Amino acid sequence: MPNMLLEARRELALANRIVANEGIIDAFGHVSMRHPDNPKRYLLSRSRAPELVTPEDFIEYDIESQPLRDPGVGQYSERVIHGEIYKARPEANSVCHHHCPAFMPLLATGTDYMPIFHLGAVGGIRPPFWDQRDEFGDTNMLVVKPEEGASLARALGKHWMVLMMRHGVTVAGTSVRDCVFRSVFSARNAEYQVRALTIGSNIATLSPGETNLAGQISAKTTGLTRSWEYWSMRVANKAGGHAAIPKNAKPARIKTKPVRAKARSKRAAKRRRR
Amino acid sequence: MPNMLLEARRELALANRIVANEGIIDAFGHVSMRHPDNPKRYLLSRSRAPELVTPEDFIEYDIESQPLRDPGVGQYSERVIHGEIYKARPEANSVCHHHCPAFMPLLATGTDYMPIFHLGAVGGIRPPFWDQRDEFGDTNMLVVKPEEGASLARALGKHWMVLMMRHGVTVAGTSVRDCVFRSVFSARNAEYQVRALTIGSNIATLSPGETNLAGQISAKTTGLTRSWEYWSMRVANKAGGHAAIPKNAKPARIKTKPVRAKARSKRAAKRRRR
Amino acid sequence: MPNMLLEARRELALANRIVANEGIIDAFGHVSMRHPDNPKRYLLSRSRAPELVTPEDFIEYDIESQPLRDPGVGQYSERVIHGEIYKARPEANSVCHHHCPAFMPLLATGTDYMPIFHLGAVGGIRPPFWDQRDEFGDTNMLVVKPEEGASLARALGKHWMVLMMRHGVTVAGTSVRDCVFRSVFSARNAEYQVRALTIGSNIATLSPGETNLAGQISAKTTGLTRSWEYWSMRVANKAGGHAAIPKNAKPARIKTKPVRAKARSKRAAKRRRR
Amino acid sequence: MPNMLLEARRELALANRIVANEGIIDAFGHVSMRHPDNPKRYLLSRSRAPELVTPEDFIEYDIESQPLRDPGVGQYSERVIHGEIYKARPEANSVCHHHCPAFMPLLATGTDYMPIFHLGAVGGIRPPFWDQRDEFGDTNMLVVKPEEGASLARALGKHWMVLMMRHGVTVAGTSVRDCVFRSVFSARNAEYQVRALTIGSNIATLSPGETNLAGQISAKTTGLTRSWEYWSMRVANKAGGHAAIPKNAKPARIKTKPVRAKARSKRAAKRRRR
């Protein structure tokens, strides 16, 4: 059991690094998984860039997105995205929230996602939009309150992807690998779709029948396994090796105390008051 | 003879890595070659990402795309693309199937490929489109059945490239290097053509005469050799070195058993039934 | 005190490397900071590409952009950009001037910057344009004279970013990290905005209220710290290691004497006169 | 003197690697320099990808583009581009011919190059187009005959850059560094111009006065030196190190004998005849 949990943490750390390495996520965004032993809990990293996440960085949250114990480190402010989806969708076992550049033109123009090649079918048929402003007015756009997360989960409904206006995307999957596969290939499809739209407005999309049939690709282990091996090798071989996941590493603490221009002199303070 | 076959396998493994490294192929897609000793056979990797393919990964297929012996490993589902083209086109000795991003806007809008610089002539004059839906209705878009492969080969006809709507591209060549050269430079041309179309609809293409003359570049060894040396060095020097092809390596098996959220508890199972 | 100054120089060198590594700056552009001990001074590198800058490369300037002592090395010609902003804006403690590709389409078309996702709010509401030609007629476009820098600072006004027509962008921040954060995420936003504009002219921007709320993200240390750790690791792990900042390194002088076609022969000189 | 020539060869090899590393050139294209001791000669690499060129690879050509001695290795077919420009333009001491992606949309649509930021001024005011078809009808688009090279040189006229329809670009400079600087920054400008054109047709270009003033940047050593140091470090630090120029290396010969599907069997030959 502890070994299985360790294995799960390692897989989840790798998932975080893969989505970062494939350009889905940068300093922000995160991938979580439902706890393998308790469907009312989930694992999500402490607050750090996904490309740096190690198996030790995960915090155990209950379904209300409260940490089981004081983590003593910074937490992602948007964890309710994960908790509320796990609450609303029992068959979802992994969630990825990201701001991938490929989606931004769709989010900024309210253009529907359209699967334009078979692998893009993982995004589903007409995934819904959600606009935080509709229900909550002007916010800082972060999904922080439980009711904001719940609203997002309602918008997701039975889909596997929800497009968040002026913000990003949230993807769910039946497993970590399914979630990563959906996240990567929906982003590739979005990129191709946007480029296609720059040369013509009449886009040939998969039919609903094709989307349903092709969308099952991510449920078959052959494609999943082939992709996972490929993405894992890309992470492992990344120059500098920082992408490798150490077996028993303590979270690497990096000194991050910023240097500010020192205590403003009185002269400067005076000038500011003018 | 066995040495020549080994050399062929090494060249084909390098070809797979080159097209991956040059951005034509990612986790999916593949390059095959007709068997150097038997035109009714061909070599194609077991199911794995092309960038990871080693000389030991190739499976020998007969012209009906059946493995000569039980390979004991996963196989590409779309191998009939290769077999049916080798059947229909005796002068084709190598086939590359890919979903290169550069082509996606053409495939999604049904825009003709147009050679806009001399190296783009390798794609030929107005390469044909093929739409699996026309003959086979709604599918998962994979070319898996022999009749699907045969249909694609018919669409290819006497061309060296066929554009597969809502899917990807298949390229043939007289040799592995010719096929790689055509795959890379047709993709470069597609990328340039799409960018050109974003700023003007009146595209200056090569004339048919220019296309025919410039299209012979890939048949001359000077350009082929120069490119092959360049692409090989790029593969060899890739950070991390995983791109190097080991001389006598066994296929590296990577543990790919996915971690799923464990056997759903009864509570969760009940919730799902609601 | 000397330690704090050394720490400041190291942070500033890292800031230069980060903006280079993140694609905001290439051979040109620079990041400065107000002197931590004296608000009437600032630190700016000698003339070299930001990606190569070391803590030893910084020259101390007074508020009139004169070096405190003869630096004996080449200086950036555009340092008045920094000095005049420090003079006009006491709360600005760091300035970044760049020609990031992402902004060029906005600068070349006079298109307003619009925050299209929460992190883009760091660019503020409708950051102003400045055109050197308006006040100074035809120039070589470099901001070299004090009055040119002062004019730019006036255009900046109370904003944190000013768009320089046919030239580039200047960003200010309350600290080095704030300035880097604004520079990177405003560039990301500009890139997404431009891509969005290629598929639709009706762009969904943050409301003024959302911009104000989301714009405070860079003032919170959690997002700043997470990004800084991420960007620092990317610099540290860069292949080849030239990005690492040596502790006590002397500025590495590279021989840069160009080789020219030698003293023109008399024949050639004659030909030129014809 | 021999040392100076060796230095020149090393600088020219580095120039080839820089333009490759900066994305101006791939397997094709080349940079030459006028011979430092004899204005009626020039140095150009044997036929190989510029990124792999070493100081030993250069062949000495006379002004008619004939090698001074049998080089015993493959030669670039387009060397008359260089020879004819050196003949026509005594003040040109270096020439770069390339097919940089950034220019392709301009070449395919016949859109004028426009300097949209100060560094783009190195491309000059309205650099001319040249279409091989005008004078020579259908060709394979390669500039191989002396009269083709002379025609191109006439089109270049007093400019420093000529745009070759459906082919590429040729840039000249007063020195190798000037030529590289012009090649890189004109390509950057072309890329930005094309992106700007995708969001608006009303492009703010430098005025003729600004272009003339800003165009002198490449004649000043400060900008040249800063860029050269930057680009050299990028080459030197490239992962894998193949970009480093060995001091006394013999040209590395790579086995490039292609493997073809072997002597076609009689059955296959028969099928083809049908």
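By letter and in written order, the chains are A, B, C and D; residue numbering begins at 1 in each of them.
As a convention for this text, contacts are C-beta pairs under 8 Å (C-beta built on N, C-alpha and C of every residue); 3 or more make two chains touch, one makes a residue touch a chain.
Quick caveat, the model's predicted, so the values are computed rather than measured.
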Task = Determine the set of chains touching chain B that also touch chain C.
result = A, D
Ask   = For chain D, which other chain has the most distant CA centre?
value = A
Query = How many degrees of rotation carry the C-alpha atoms of chain A onto those of chain C, rounded to the nearest 5?
reply = 90
Query = Between chain C and chain D, what is the gap in Å from one C-alpha centre to the other?
reply = 31
Task = With chain centres taken as the means of their Cα atoms, state the distance from chain A to chain D in Å.
result = 43
Query = Where does chain D touch two or more other chains at once, residue-wise?
reply = 198, 238-239
Touch-based graph of the chains, sorted into line, ring, star, complete or other = ring
Query = Every touching chain pair, please?
reply = A-B, A-C, B-D, C-D
Ask   = Which of the residues in chain A end up touching chain B in this complex?
value = 4, 7-8, 11-12, 33-39, 90-91, 93-94, 116-119, 121, 174-177, 188, 191-193, 195-196, 198-200, 202-207, 209-210, 213-214, 216-217, 221-233, 236-239
Query = Across the complex, what residues on chain A touch chain C?
reply = 26-28, 47-49, 51-52, 74, 77, 99, 101, 104-105, 107-111, 133, 137-142, 165-168, 194, 197-198, 238-242, 254, 256, 258-262, 264-265, 267-268, 271-272
